[in-house]
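Below are two complexes that have chain A in common, paired first with chain B and then with chain C.
The block that comes next holds the complex of A and B.
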């Protein structure tokens, strides 16, 4: 009798612990991500170990994060959601959430507790910038420069980008106002904590564009993350902005003569959203996967493959060495105190409100 | 060519400026590569004018002079930019050692009818130069890709090692990557399963449609033809978006069948056009003769009509195959990630991570396309030969 009770109790425990049983979960999962080294880090840290535990699951990766918002809109319109889990930047997650295309979730219900026992909500903290957004990594947009093209005085601060006399040559900047406007105002003497107040006014926007005007003839505009590394490797540009993980790969992996400028790096977040409208089986599988893929250890594991900071506080102490290169990853994290002396955080609220206006202004400035 | 053409020696007042012009043109490219296009033009022009003068006044044996000039140019090229410069320099030198002599001896008129005026001769060569330039601008981007695909680095860059022709600068690792990476192999498999099935469908439906539409008694032939050809004329993105919503509703979106059907629809116009063209030369009395001998329409089709229009069917099929094999827009809409084809994989590879593996794949695809087009051309010639032989 006692044994039966104990058995029953332990079964009950197992049942309550695992979010759903295997029978009512879909065995196919389409995950959308960015391709390249980033996606392969997710495969190694999340999906490969997951499939090892659940061999019945097949994971298909779709490299469509770039157009995730448009595609989800089309899918919604056609009433045919074919994606199960989508990796997007926080700004896109906010848009998708507002449009009702992404599912709202309860962090403490969906996500694992931190390894140290803190609740998921506290462990992710402020990084849950939207009710639909499941944070994964902190990345930054920052500058790289050709070490052999800057003479004996390599740049140490971001305003070198606007200094054509000291650092002649082309620069690569992203073909959008976000980040560029902030850097322009900062280098035009606007104090860091006033940047967004200034940028909210028409004069402030003109001021930023006027500053960008000083280097406009020397700018090559990029739109895909792979562009700047290619331009730097070619020696086509002397410096250019891109994601810190891309620069890490150019410098450490590909051993190109490129240096990194951490000054005024702009932090941003990337994470998952679950599309609205999945069937119960699909949702059960996705929830199971997300629970696994966002726990403390898994987020720390991802940093073995790419130099992006895990979005959980409890993962930070577990960041170890690069899986292939065997170097310590901590100094390459954008969040490392050495690197994060002077930083900016992507201002989601500001850009949500002003993006359309400033975009239009920026685009018309671009063709002038 | 029985006419005897007397080759006249040409005066320097003609050879000099023409050589100088050619030199200036070449100098533009060399100069631009070295930093100043204008300086290149001036130097090239003066150099060639001087060279032509020297060639014409000093009566040296032509062969020796040509070799000498090629050697000098090669040496200069080597000094300017290493082994690659050596090759380019030698080629330039060989040309410019030959060019003024060719002009001065009047040999440029040798293969032309003697009655042509100077202006006609000029046009004859200008036309060839224009054709050559068009050819060059069409081919150069494709050719540039090929050496880059053997790059030892992970960027689209001609590294200094490559330009030095150093074996270390080259590697087959991107080809290896293509053959070993699961993503690329899955994409290749998808392309190789989708394209043949789509081709088969296009060829069957397209041929039947073409035969039907060539019957004079079919009503609304022009209209039906226009509708069937429309996938070729309507912008691809519009067909793709339309197919996406339609296929989503009927549950075909994201399935192999959906992609195959979409590609078949794109391939059908090519088959219809080529088969209709071959049917124009098809003698209808042959089918009547077959019927007269007791063959039913199906037998007539397979035994009489099909063999005669086969070249058209095959070339239409090749076009349909290439259309499906190269297509990226429709598959992005109609397919899902598990139907990722080669062009899709290349598209995302190019956007997310500029890796020379794409160039390796491109090189392989270019070779494949050349092989297919060669087949097409051989078939066309065969069909012409057959037609020439058939009576009437």
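The block that comes next holds the complex of A and C.
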């Protein structure tokens, strides 16, 4: 009798605690991410603890984030959405939202309050750049340089990239206009807060390309995030742009003679979107997972494995040490005050409009 | 088959003047055809599963994809009224469209914004005119507020204009309201799932469509939206502010007698409103649009909407050949945006270079394979096939390690003293790197057909030629080579067609001068989502390959292609 009562009581407790019962939720979940160190940081910080709490759930990871936009559109046209949660950069999230492929959500409804009690909407603040975008991390695109190839004067500002006399050698830049055009204008004397006004004009675009022209012969253009770390490690380039987390692992994990050039790093965001068109059961499970995986502690946990800043304000004080290496992570975060003295924020609205146009010009300039 | 033989046997062979007849008196020819038709049908039935499979899984998707290069229904489907109104507007004139166009735009955009279709149209038009993406995103946020001007004034006049139940009583058929109430009860009691059993279809109140035509239309659309998108009935929410604007229009147009003759629900409110509307504060939609965003006063944006209004467009194809569709017809892209012509030429040129280097490298190897003793030939064959079993990315990355400036080849050259440490050779991230890496990857496709053709050439021919006095070169060139040409043809077609569509290898080792048109196609498929342009580029590429194939057939003859003995 006693056992039955205890069972009944505990069942009642569970029912009152979680409004959606397990029966309503799908037990399978396919999460799409970028693979590599980033995905494994998500697995360790989010999905492994979640599965520990919900052993009935199987999580499948798919490494398709770099082509998520096209694949989601194809799935949507075929009427068969096989993904439950997709990790994309903010620009892609905006595109997916525009195309009606991602679900709009209400932050205060879907996401947990901050550990300090602030509402989710305030805790994430401006980082919710689209109605569909659930921010996760802040990363930056910035430069790394070979410490053994720059003599006694390591570069301290981004315009060193355009200074072939002081820093001869090849540079690695991404094969797209975004970020490169901004840096070019900045180093051509355009004030930081006028960059996008200038870039919106045909003359400004020509000015940026003319500036890039001065180093064109010495640039190796990359298209995968792993390229610059490899080029730096092999000594192919003296400096190159890439994501700060990649440089962190070149410097700290692989102990290569590479230094960080944080000046004018471009902040960008990465986060989740929930595809439009999930069934109720799938949606209930995804919502449950997202609520857990974006709370203050979980976002802070992720920074134990990779040097990207958590998107919640309330997570920042909880950033600790690297799980394996035991070093303090805070100085390696792009958001650390020491690193963030001079930064630029990716202008989503601008690039959503001008991406096609400037890309055509940029690619045409590139192949000349 | 059996009766065909019978009729054949019974034919009147001696009937010399007329057509040969079968036993049943019908002409032999048609009788034979009949028999053969049955046979052909049976054969067709046997391959039908494969044929259907190929059609459904291969041909149909390709045709569907290529068809996107001309499809453009999105503009007329999202903005049907605007497109119709724009018919009279001259895109080359220096004046903005008139008020009617803006009124139609308001109606279309209001509905598009409710269904969240407006941003999709914005992305589509942004391919043609920069800035339209955010213009549509912004207007989607604002268009809902335009009608509040009238909503507020109706509300001030009579509280009932703010009540969903009163609106429903005015607009909906009493029968609909009963059905809706019943459906709601069932839904709330969880007796039905609203997605399996949608709300009852909306019916207008009798006579209201004649009295208030625009209002009735807008309200019907609102009711349909509630039914399909929200799984609710029309009387569960306040109607869109679009309906209020339409009510204002209708009341301004209606005669006093018509309004006075109406005696249904809300008759008094309608009469009061009709008396009051001439005094309403008002603004034309043109003013409202331009006030909310001056991009709507930009002639270029309107010209783009007008030019891309038809259901089918040549715009994508024109972009693919560095042209542009403007209000005056076709114009060339500005020079600093031309790229595709160059890339097409480069793709063809480099694919040919790769094919030729494959022939030069593959021919001796295939000859060796065909002429070595079995044991060593097998070993060599494994070496040829080995790259097939290695991942494409691994092979391409290996070339990177080999060719880069701090790579193996340069290190060896510097160590040998052939080149100085300061001027190491640049062998990657350019055309050279692409040609080397792709030749390596595609070489087996040249060697295998060559090998299988060469195996069938009897070695005795060469010996006979030599014994008749030919030099080794003449014997090879006059006797052996012509017999191996079908293998070269097959290998070249394989290598060329594969090369023309490659994009991973050029992306990794091609730098800026070694990329192909396929890299742009991949970009438009996966990054810019401009599938129409990608389809147009793909169609042109397909056309180019077919023309080359045709030319090859004319010059060499397709019968002269052999994949084996």
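The definition used in the following text is that the second predicted complex is superposed on the first by the 350 of 368 C-alpha atoms of A that agree within 3 Å, B and C clash if a C-alpha of one lies under 4 Å from a C-alpha of the other, contacts with A are read in each partner's own complex, and residues count from 1 in each chain.
The definition used in the following text is that a contact is a pair of C-beta atoms (placed from the backbone, for glycine too) under 8 Å apart; a residue touches a chain by one contact, two chains touch by 3 or more.
Not measured: the values here are computed from a predicted model.
S.K.: Chain A superposed: clash or fit between chain B and chain C?
M.R.: Clash - chain B and chain C, as placed by superposing on chain A, overlap.
S.K.: Considering only the touch criterion stated at the top, classify A:254 as touching first (chain B), second (chain C), both, or neither.
M.R.: The first partner, chain B, only.
S.K.: Just chain B (first), just chain C (second), both, or neither: which does A:234 touch?
M.R.: A:234 sits against chain B and chain C alike.
S.K.: Have a look at where A:53 lands relative to chain B and chain C in the superposition and call it first, second, both or neither.
M.R.: Once the two structures are laid over each other on A, A:53 reaches no partner at all.
S.K.: Based on the superposed arrangement, let me know which partner A:95 touches: chain B (first), chain C (second), both, or neither?
M.R.: A:95 sits against chain C, while chain B stays out of touch.
S.K.: Looking at A:354, would you say it contacts chain B, chain C, both, or neither? Reply first, second, both or neither.
M.R.: In the superposition, A:354 contacts chain C only.
S.K.: Which partner chains sit in contact with A:365 here, chain B, chain C, both or neither? Use first/second/both/neither.
M.R.: Only chain C is touched by A:365; chain B is not.
S.K.: Answer with first, second, both or neither: which of chain B and chain C does A:37 touch in the superposed model?
M.R.: A:37: touches chain B, not chain C.
S.K.: Shared contact residues on chain A for chain B and chain C?
M.R.: Common to the two interfaces on chain A: residues 66, 224, 234.
S.K.: Could you please specify the touching residues of chain A with respect to chain B in the complex?
M.R.: Counting only chain A, the residues touching chain B are 30, 32, 34-37, 39, 60-64, 66, 74-75, 77-80, 82, 224-227, 229-230, 233-234, 254, 256.
S.K.: Touching chain C in the complex: which residues of chain A?
M.R.: Interface residues on chain A, with respect to chain C: 66-67, 69-70, 73, 95, 97-100, 170, 175, 206, 220-221, 223-224, 234-236, 349, 352-357, 359-361, 363-367.
S.K.: Which residues of chain B touch chain A once you look at their complex with the stated criterion?
M.R.: Chain B reaches chain A through residues 153-157, 244-245, 248-249, 253-254, 336-338, 340, 348-354.
S.K.: Per the contact definition, I'd like the list of chain C residues that touch chain A in the complex.
M.R.: Those in contact with chain A are residues 116-117, 119-120, 122-123, 126-127, 130-134, 137, 336-339, 342-343, 346, 404-407, 429, 507-508, 511-513, 515, 520, 525-531.
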